[in-house]
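Next, two complexes with chain A in common: one pairs it with chain B, the other with chain C.
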Partner chain A sequence: MKKIEAIGAKALNAIAGVGKGAWLVLNGFILFFNNKRNWQTLIHQISFAGIMSLPLIAMSAVFIGMVFTIQSYWVLESFGAASEVGLVLGLSVFRELGPVITALLYTGRVGSSITAELGLMKTSEQFASMELMSVDPISRIVGPRLVAMVITLPLLTMFFNWVALLGSAFVAGKLIGLDSGTFWSNLKNGILFYSDVLPGLFKSVIFGLIIASVSLYHGYFGDATPSGVAKNSTRTVVQGSMLVLIFDYILVALMR
Partner chain B sequence: MHKSINFIVGLFVVFAFICLGMVALRASTVEPMFQNQGYRLYARFDDISGLNVHAPIRIAGVKIGVVESIELLPKSYQAKVTMVIDTRFKNLPIDTSVSVATEGLLGSKYLEVTPGFDDGFIKSGGEITQTVSSISLEKLIGKLATSFVMEK
Partner chain C sequence: MLNKYRSSEVKKPGPITLENVTFSRSGRKILDNISISIPSGKIIAIMGPSGTGKSTLMKLMTGELKPDVGSVMFNGKNIPDLSSRSLYEYRKEIGVMLQSNALFNELSVFENVAFPLREHFELKEDFLQSLVKLKLEKVGLRNACDLIPSELSGGMARRVSLARAIVRDPSIMFYDEPFTGQDPITRWVLLELIRRLHTTLNMTSVLVSHQVEMMTQLADVVYILSEGKIISSGTPKAVFKDKNPLVRKFVDGYSDGSKDMIHHPGQSLVEDLFK
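Right, the complex of A and B next:
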């Protein structure tokens, strides 16, 4: 009996958590525009979440493009379709790999650190002191981070797409020795900008919103103890990645 | 300090959009809006198996439009194909014919338009009456096989 009650309590907690998270995100968005100084904070957050992530994203993109090219080349070659390597890579990167892998890396790098940052602010009671000075922490702290995360993830995805393609072109053209003219023309003919590239970017906007909500929720509402902060950043990474993959399926199934 | 970070963030945003632009220009086709600047023609086929919506329409191998929709006519059980063709190619003669062709031996299907010689032109929204249905390789091989059997 106790166990069943515990399951019920967990379910209620989860639902309440979704509600609190939605309230936080909604307020963050609305209150962001209340304070003009938030724009400067936004710039700083974009610099932290976006520019500092560029090396990680670039390295991952190059190597994913390269590995994918070699793997698909080995398979396609046995059908005599080696010239289609570029098309296979382009379709999978623009539709799936670009948005999803960028989002997963982003959860690990940006989401976890924002949770930890907010958790430490809570530990040192910075939110309470801001409220004493009649500064709304949701407007000053949550808002800019939320907007910055939603903006930067699609930008990073655009970057990922192009860099992965360059890595693939390098392997296909220089290392395998395929004709690079065929590579690019197959890409250009086979991929449609509005139905292959843009849906991927739309997905990454949604992913940005998901990661931002999860990380800000765990930072703002989580336990403000040293072990609590550690647990919350782990939770951000685990739940953020899982939600990204689940919503990826839902979005793809809906958009078709 | 503020100014330099603003500049770098601006640079980052511009850079990301340059990446998107490169993808758009070099690695994908930005679909031209034939729907807006094109006109529509219809054609009825007995068999269009393998032809898809958005398949290209070509004259002499050059793309002039796309297949907008495919539906089955309820009375004659023929397939009615709606084509959207670029307005630059407005003057198709009345005896123009259209056939379902294949890219390569096993490639995807497209519509090949062969202009006729008549002096009159098909009006916008009109019908191309001369159609050649798709040739299915499987049926051809089947026919060939049965004909060999018959001869023996």
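Right, the complex of A and C next:
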């Protein structure tokens, strides 16, 4: 009986958590526009979440593009379709690899960092002191981070896509010896903006919202203790990654 | 300029009055039916041993906590009943120096002090610079304005926190354990600073502290809390001579060997181990 009660309590907590997270995100978004100074903070956050993520995204994209090209080439060659490597890679990157892998990397780098930052601010009573100075931390802290995350993830996804293609083109042209003209023309003719590129970018906007919600929720409402901050950063990475994969399936199924 | 934001209703700050306030946390009564008045223009000390609810009492006055029962009145309004917006308006009247200082780690000393001004006023940069530097001068840290919080000593961080709390010229200033963790010299520096600011800025000052010696020098009125109740109140001279055994224990700093002094309420050791 106690076990059932415990399961029930956990389920209720989870539902309450979703409600609190939704309330936080909604308020963060609305209150962002209440303060002119938030635009300055937004630029700073875009720099942290976007520009400073570029090296990680570039390195990951170039190697994923290169590995995927070799793997695809080995399979396609056995069917006599080696020239389609570019098209296969392009479809995979624009539709799936780009949005999903960028979101997973982003959860690890940006999501966990924002959870830890907010957790430490809470631990050192910075939220309390802002409230006592009549400054709303949801407007000044949560709002700009939320908007920055929703903006930067799609931009990083676009960046990932193009760097992955460049990595692929390098392996296909220079190492495998495929004709680079064929590679690019197959890519150009086979990839359609509305059916291949746009759905991927739409997914990345949703993923940005999911990662922002999870990381801000755990940072803002999490335990204000050193171990609490550490656990909440881990929770952000685990829950953020799981939700990205689950919503990827749901979105693909719905958009088909 | 700074008076511009003050609403017409709160031109002259009245006293804060707590009536029959009870506050519990996790089923434990922290404050039990407390009634006190914070008169305008005075230095009030709320004292007592650790864990008796001093900071909780202060948080009720700043609107961070709401009582289970009772009222916390300021200028005819019950603080716990205020909407978020009205509570923010009320907080524009007060300054709070938290025990942890709560400085913003990424901002310099100057920007920490300038923060409330930048948030609430559209000031020209040169005017803001002058205003902040004048406040930093008051706490002796004008030349440390480019340092960041991690480069400050405990005493310096406390003074930055103080400068930030007074930058909007509050009518009521709250200090949560301002002397805790400070060396004797810094304690006296802070004491002089608090006294000087109180006089020059014509404020009401509320201090939460357990430093008997400091409060003898500083406070006009002292309240002593024990087990969630006010056990003595009046001028420091009168209160610190009170013959109430609980007051004597606190003021003279002795233990009669009673376990109640240090043990959290609950079941006895025998019950815990053998039941």
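As a working rule, the second predicted complex is superposed on the first by the 256 of 256 C-alpha atoms of A that agree within 3 Å, B and C clash if a C-alpha of one lies under 4 Å from a C-alpha of the other, contacts with A are read in each partner's own complex, and residues count from 1 in each chain.
In this text, a residue touches a chain if its C-beta (ideal position, glycine included) is under 8 Å from a C-beta of that chain, and two chains touch if they have at least 3 such contacts.
Just so it is clear, the model here is predicted, and its values are computed rather than measured.
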item: First (chain B), second (chain C), both or neither touched by A:Gly173; value: neither
item: Partner touching more residues of chain A, whether chain B or chain C; value: B
item: Touching partner for A:Phe193 - first (chain B), second (chain C), both, neither; value: first
item: A:Leu165 touches, of chain B and chain C: first, second, both or neither?; value: first
item: Which superposed partner A:Leu155 touches (first chain B, second chain C, both, neither); value: first
item: First (chain B), second (chain C), both or neither touched by A:Ser47; value: first
item: Partner chain in contact with A:Glu131 - chain B first, chain C second, else both or neither; value: second
item: Which superposed partner A:Gly65 touches (first chain B, second chain C, both, neither); value: neither
item: Complex contacts: residues of chain A adjacent to chain B; value: 40, 43-44, 46-47, 50-51, 54, 90, 94, 155-156, 158-159, 161-163, 165, 184, 187-189, 191-197, 201
item: Parts of chain A lying in touch with chain C, wherever the complex brings them together; value: 35, 37, 120, 124-126, 128-129, 131-136, 140
item: Chain C residues touching chain A - in the complex, by the definition given at the top; value: 62, 64, 88-89, 91-92, 94, 96, 98, 100, 102-105, 115-116, 118-120, 164
item: Parts of chain B lying in touch with chain A, wherever the complex brings them together; value: 2, 5-6, 8-9, 12-13, 15-17, 19-20, 22-24, 26-31
